[in-house]
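Two complexes, one shared chain (subunit A), two partners (subunit B, subunit C).
Then we have the complex of A and B:
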């Protein structure tokens, strides 16, 4: 992956964002820009504020300071469902699926916003609702093929192994046809094969659908392979930004990860 | 020995002996049961969407019926009072979401439960303040509900027309709601919310809208129950007691299951009438009041998640 994939247009810009819970500062004065169609990574040690940053982007948290522009539009207080309406989808660090439902229905739930037929027809499953359901169903089947989860179509997701649950969750996010896809540790707890599959999916999504992807991940090999640009957070502050090569050689990053011996 | 016969043998002889009477008892039980089902349905909806046991469900029944009757007493024709009452129930749902739920998001369930207790007392006070505290007659006639009775088998089986109407309306309401919840976008969103708030939010479900919708539907159910129950007795605050009958129904059916609420309601309704009629005299009668709770208690020993409830399995 390289720069030719970038159009250079900014999709999301984060300006001077600060977030605090009571006296605890989760994020301090964070700035960065995400360009259209890139794969952008956020890394940092545990508790650095990575997930908080994602929660700010999709509206779970409201920062006390700073501005976010998405698709050129300013937004400050935004609720999660509004973020979804605008085209931001996400997955969660601890898989958040609808455990009682099958794989198929979980991914169908991602089509929630695309269902437009009125409630009356939907209840009767007739007329426009039927046509709409078929179209959405087709879309969902394509995602199921894409993620190679045909075999677990009807399985209640609560019964699936962790790796597959993560894949279903990714499918649900894809069903929203997002412009910006936020992935919170998509490979945590996976074995090497599962990780390789997941990497392949992420690259394919980026290429085939042109989806912009923001990725939080602890596996440095994965991050350096996948991402075009990344930022590094530590204690809620941005300590570095750049492409993988620049980050690898950055002394502040090495210090943050390995710890620094403080000499008096 | 005689006592055992009276418990285990005689009642069944009585049933076979006079099947028409048995049928009558079952019918009475069915009519009560279907109303229990409706009330339980209201509970289940709110429980699924917000994980809170809505203590105010019973008072909502009274409040809806009181608004309807009160408006009519003040000179509003019945068929205008009905839509106005529906609007009032919507306003109630909207205010509950805005003033109570929204500020209590992410609080422990017990806090929300306390809030619904608060809501109960508010509605009692508010209802009394506006419409007065004395019992009122339901405006059965004005709503064109029938009040005759039909008899079968040489007057041995008597069915009140109002009961038939109540059952038909309740069944229709339950079917419409089942379709609505099973097939529509809101229904699917509701199931999503019931499963995982955060995930539901992330796929674009608005929690606030869902809450207003479920409280409004519960309000409509309360109105239907209030009309039907009010027609059988009268409209007073004592009516809210019937909501507690929904508790054994929910234990039987499972707090999260819509079919459970319906089947549970019927089991409790029919069970307590049969119990009262064939066994009640053994202990001096009036077991109808507590039999339902006993059934629920026994049930808790063997199937705590209810007939249809989800068994909660935590994977560690």
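Then we have the complex of A and C:
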């Protein structure tokens, strides 16, 4: 799929979202729409509210104002695991893996929602429990192949280098077969080769699985190359929206990044 | 040299996900099980069975239960003694109400009552974590100690205030009460512990076990991949209390014979917590290692002067017992915080590459 033919339906729409922690306004009146199968980026200087925006989308924060529609349905206040049930997966800025578990188990944990066998069969590790374990193992092995992490399958993730941990975390999110994948700085702290790998994975995920991706990233080269549309946040407000070329020439964005005195 | 998995290829996920993928491990575990089922009842004398093996197995079971909760699901609990008491007293009441029913069945059933109680005391775990949760579970410990000590109905209005186990037969063999042979009691305990240990292994390597470890390692991320924190923690509390309850019932019915509620005091909760810390948190074998350590070391220390023929009075030995055990626990925490199970796995790694460790 190329970048041109993604005028798909709206997958997620954010209407007039405002979020405040006491007197601190994290987000003010944010509007945007994410279309199916696109790579959508959120950028902005530090503290602009990008991560807060992701936390609102996957139900971790509850905005004081505004509405979110996901797949055309209005979303009530929800808990994160309900967002997971609806098909929203997420990686974190600072890796949030299950450190005591192996790579395989981490990704298998991502299949949690797809597994239904009851306690009785699990206690016996037989019948439905064993069958579903094997089916999901096969699915997980496909992800392991896709992300090229076969060699670290049995390694506890706490012992892995940072770049690989990020990859395992991506694998765990993929294991959920999400419709919407939220990536919070997937390339922070990586060297150029690791970044290239990660970019390749993101594009492949988008293309092979048709997953809609929301990307937060500080590396402008990466953002401009990967994303089809992006919004720019600054001090909790949306200051620009458009395709990479439009954003590049936008005076408000340049001001935000270069630091012009704010007038509001 | 003897312990190599080279050449043992797996061609299916079924084979790869087996309980003991390495052939030598499989052989070893079969040997241990066979030995404890066949050889031990034949050769061991009453002292060994009664003073060492039966308590070892019962404490292993209780430690296993606590390890599921604390080691796997990451919920610190000091209520083990209380849950054991619930198991013991409900088993006693069940035996009173259904005198004809198979007592092994009743022991297993009383675990469910304990599980229900554990479920209730697990509810605060959604809000509080770590040491604060430990204090909340301490409430269970003190509440049940009080309840079973004060409410006479629980001990059938006995004058002594103790629960006494009557003779109950399974297939015409007395398994509880004063006339039951130690062999019979040992076999009952061994069967139950083996089956429950196997179930524990199966649970922790499946979906529920992964959910537990996910909650333990990073609860926020666990919630974001669709694991419900409350349900997962409550399942952990219920299953853990089931194990504790069965262990408590076995403790009274097959080991002590008669008991007052004081046997389930706070010390037993701490002892079991020490077992899993020394044995290894988050490891099934660790529960057994830890129980062996805590049960066997005092016996060893007590008997060592006798064996060596050193004239020393028993009171002094008793003091040494506390000091040496305490010192060992401290040393363990310093040198191997992951416990005996970790030492075992390091040894196994070393053995795997021996004699060419490069």
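FYI, the second predicted complex is superposed on the first by the 254 of 264 C-alpha atoms of A that agree within 3 Å, B and C clash if a C-alpha of one lies under 4 Å from a C-alpha of the other, contacts with A are read in each partner's own complex, and residues count from 1 in each chain.
What we mean here is this: a contact is a pair of C-beta atoms (placed from the backbone, for glycine too) under 8 Å apart; a residue touches a chain by one contact, two chains touch by 3 or more.
Just so we're clear, the structure is a prediction, and the values are computed from it rather than from any experiment.
Upon superposition of the two complexes on subunit A, a steric clash is found between subunit B and subunit C.
Looking at the shared chain after the overlay, A:90 reaches both subunit B and subunit C. Of the two partner chains, neither subunit B nor subunit C is touched by A:74. In the superposed model, A:112 lies in contact with both subunit B and subunit C.
Once the two complexes are laid over each other on the shared chain, residue contacts for A:200 go to neither subunit B nor subunit C. When the two complexes are overlaid on their common chain A, residue A:16 makes contact with neither subunit B nor subunit C. By the touch criterion defined above, A:138 reaches subunit C but does not reach subunit B. Counting contacts as defined above, subunit A residues 58, 60, 79-81, 84-85, 89-90, 92, 96-101, 105, 108-110, 112-113, 115, 119, 122-125, 129, 172-173, 176 meet subunit B in one complex and subunit C in the other. By the touch rule above, subunit C contacts subunit A in their complex via residues 13-14, 16-17, 19, 199, 202-203, 205-208, 210-211, 213-214, 216-218, 220-229, 235, 282. Residues 58, 60, 79-81, 83-85, 89-90, 92, 96-101, 105, 108-110, 112-113, 115, 117, 119, 122-125, 129-130, 133-134, 137-138, 141, 172-173, 176 of subunit A are the ones that touch subunit C when the two sit in their complex. On the side of subunit B, the complex with subunit A involves touching residues 176, 179-180, 183-186, 188-189, 191-192, 194-196, 198-207, 310, 313, 315. Looking at the complex, you find that subunit A touches subunit B at residues 58, 60, 79-81, 84-85, 89-90, 92, 96-101, 105, 108-110, 112-113, 115, 119, 122-125, 129, 158, 172-173, 175-176.
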